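Some notes on the structure that comes next.
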Amino acid sequence: MRSIGKVAVLSVLDEPVAAGPFRIITGQVGSMGIEKVVAAVETAAKREGLIADDHYRGEHALYHAVLEALHGVCRGQLELGSILRTAGLKFAVVAGPKAEDQTAEGRWLAVALYGHIGAPRKGFEHEVIGLGINHL
Amino acid sequence: MRSIGKVAVLSVLDEPVAAGPFRIITGQVGSMGIEKVVAAVETAAKREGLIADDHYRGEHALYHAVLEALHGVCRGQLELGSILRTAGLKFAVVAGPKAEDQTAEGRWLAVALYGHIGAPRKGFEHEVIGLGINHL
Amino acid sequence: MRSIGKVAVLSVLDEPVAAGPFRIITGQVGSMGIEKVVAAVETAAKREGLIADDHYRGEHALYHAVLEALHGVCRGQLELGSILRTAGLKFAVVAGPKAEDQTAEGRWLAVALYGHIGAPRKGFEHEVIGLGINHL
Amino acid sequence: MRSIGKVAVLSVLDEPVAAGPFRIITGQVGSMGIEKVVAAVETAAKREGLIADDHYRGEHALYHAVLEALHGVCRGQLELGSILRTAGLKFAVVAGPKAEDQTAEGRWLAVALYGHIGAPRKGFEHEVIGLGINHL
Amino acid sequence: MRSIGKVAVLSVLDEPVAAGPFRIITGQVGSMGIEKVVAAVETAAKREGLIADDHYRGEHALYHAVLEALHGVCRGQLELGSILRTAGLKFAVVAGPKAEDQTAEGRWLAVALYGHIGAPRKGFEHEVIGLGINHL
Amino acid sequence: MRSIGKVAVLSVLDEPVAAGPFRIITGQVGSMGIEKVVAAVETAAKREGLIADDHYRGEHALYHAVLEALHGVCRGQLELGSILRTAGLKFAVVAGPKAEDQTAEGRWLAVALYGHIGAPRKGFEHEVIGLGINHL
């Protein structure tokens, strides 16, 4: 039984996953600014139509999902360059039911982030992951 | 090329992963108390010999890795029952190089947590993931 | 022009406010445990039908709105008795459009908390307020 | 019985309130930088004489009150533009007794903030409120 | 030139320090509950008359100073037993001018905490320090 | 019996301390940017050979120790200029055993920060201290 969070995490790890009832988009972003990560995810999700571009409601859902995923990446403070670290991240955004067998709960969004965080110097970094889930 | 974080995340998701140079243990814990999660992970890691039982050094490394993973799970406040939520989690602890091709950086630990968080009522929950990585 | 947050804040302050398109409930709770505040708000909102009792979706929206309101009350750490303070709070929950003139954005929830926080001793306390808003 | 916090909140909401023993100032500030909000409040409070310009003591009291109010506005991370959001805020600063009937507790400060937070795009935002109280 | 913070830190470390214009008290507390640390400091400060027992104002100043000191001890989350750690702490509370040469700024409080934090097992711990300063 | 944390704190306070088995370096940095403080400490520690320049492992240990020390300095939010405050800090970095009598636990790092934080205006500031300890 597929669930929206696991689909998002497997997608961001480039593992094979059957989409089933889920819509999945992926992309990547490297930055010392959290706002660049948020913008990259929002832009991709709107361009691919996972959330509407002309209403706030879906953007609000996605914004909080991205921030929740960033808590896993940042582990305590939503900061990158301001505490001298940089992140190179892949992202996956998934829209669909909370799980294949929970269609009565309406549509949800999952945002998964995976990559490396560390000093702005090759190899001086380690892996991070984050997942945010919200109702649409 | 396998890396310690990805090995931990795939293991906690029950996805197939070749151990290679990594030692992997898994388990599960459900609780309204963060301290129960920390204790379950530490107990398993000591029992299986991933960290020594008679020195503080390894426990210190593991403790901070677990807390970092819990930031992904809790997304803002390291609290469960005290803010009326409960978590059912699987965990994976991996010891080994930071990545297969980075053996010059010594031994590291990765802790991955995956499961569901929500109200203490079946189905009233959504998925969460967390990953913490530390040098041993 | 009435907006959902202002309606919630005026209601929790016992100020006169015309409900218009909004449904408003109020109540009160005093406790040294955050989880008691969350439970009191959720119980009242379900009893009065602002969110459905048999689906997770509305409870998820309300849960995050309550936590956001508690950030205003707690100002840094979502803790009461565990850091030796207690809170006596009124709450208002409002459901409706984000504002009277923004009906195209669907239904939203606002949770307002107002009261006193301080030592468990009469008069040794000061006022606090909090507001959380989420899409339903 | 009027209390300093309620007077500040009603003032920032443009609701009628009799000043009684309280001194009240109001203003507004829109920004993607938290530091701009702090500066706007401090500048207004000094210009109107609510705190002395030539001593640190009152500024220290006000600084912490503003930060506490910002916790209600920001709900978790004291960040605006760095996490891709902007805020348009009114502020009220009130000086006086903690409440009309508590003059034995000396002078206090209350800072209330009210407005909208969201994406830098009209209508893509929702309301926020914050209140900070400190002894002078 | 002596300053209130340095006097508090040297006192909590059992280093020799001349009191000069400062009043200094010290004590110790070991606990898995933050609230026990706050209570121990408040009780000692009232018993020795550094703050009045019958007014809220001084207790408010001390409470926030203790919480600020606890941020240095806890480094991210104001939690002890709830994240499976315990603390054995000495404390010093100092009342007086902010510094010997800054008497125009009135009376201030400094709270210093020093000790060990770690697992509830001898030797499985490391040192911590914290300092909170507030105007009285 | 000397311990690494107390040696770091006494060093940063310019108090006399016998190095014994510890290596001690000190320096100073004044800034409105957290990242400048991190960089100053890392640069000094590498230049003096307390951590290796060509491996990530030691830098990872030091990075987390500096962040932990900054929690004591910042007390809630790892921010300086972004919340309109500046810090003038001395730092001490100490490498060695966790304590003179605990050589079986390997090498550790302690980072102590001490100085003043406040408005960017002379005298409008108070003291702060922070200590971070990590295994090397």
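By letter and in written order, the chains are A, B, C, D, E and F; residue numbering begins at 1 in each of them.
Following the convention adopted for this analysis, a contact is a pair of C-beta atoms (placed from the backbone, for glycine too) under 8 Å apart; a residue touches a chain by one contact, two chains touch by 3 or more.
In UniProt terms the chains read A, B, C, D, E, F = Hut operon positive regulatory protein.
Small disclaimer: the values here were computed from a predicted structure and weren't measured.
Enquirer: Under the document's definition of touching, what chains do chain A and chain E have as common neighbours?
Expert: Touching chain A and chain E alike, sorted by label: B, C, D, F.
Enquirer: Find the chain most remote from chain B, comparing centres computed as mean CA coordinates.
Expert: D
Enquirer: Could you classify the chain D-chain F contact as same or different, where same means more than half of all interface residue numbers appear on both copies?
Expert: The interface is built from different residue numbers on each side, given that under half of them are used by both copies.
Enquirer: Quick check: more C-beta contact pairs in E-F or A-F?
Expert: E-F
Enquirer: Need the CA-centroid distance for the pair chain B / chain F, whole Å please.
Expert: Measuring from centre to centre gives 28 Å for this pair.
Enquirer: Just the number, please: Cα centre separation of chain B and chain C in whole Å.
Expert: Chain centroid spacing, chain B to chain C, equals 34 Å.
Enquirer: Could you tell me the distance, in whole angstrom, between the mean C-alpha positions of chain B and chain D?
Expert: 42
Enquirer: When you check chain F against every other chain, which residues touch at least two of them?
Expert: Only 56, 60, 76-77, 79, 82, 98, 123, 126 qualify.
Enquirer: Touching residues of chain E toward chain B in the complex: what are they?
Expert: Chain E reaches chain B through residues 77, 79, 81-85, 118-119, 123-126.
Enquirer: Per the contact definition, I'd like the list of chain D residues that touch chain E in the complex.
Expert: Counting only chain D, the residues touching chain E are 55-57, 60-61, 64, 98, 104-106, 134-135.
Enquirer: Show me the residue ranges of chain E that touch chain C in the complex, using the header's touch definition.
Expert: Against chain C, the touching part of chain E is residues 33-35, 38-39, 42, 56, 59-60, 63, 67, 70, 77-79, 82.
Enquirer: Note which residues of chain A are touching chain B in the complex, please.
Expert: 3-6, 9-10, 13, 15, 68, 71-76, 98, 102, 108, 110, 112, 114, 123, 126-133
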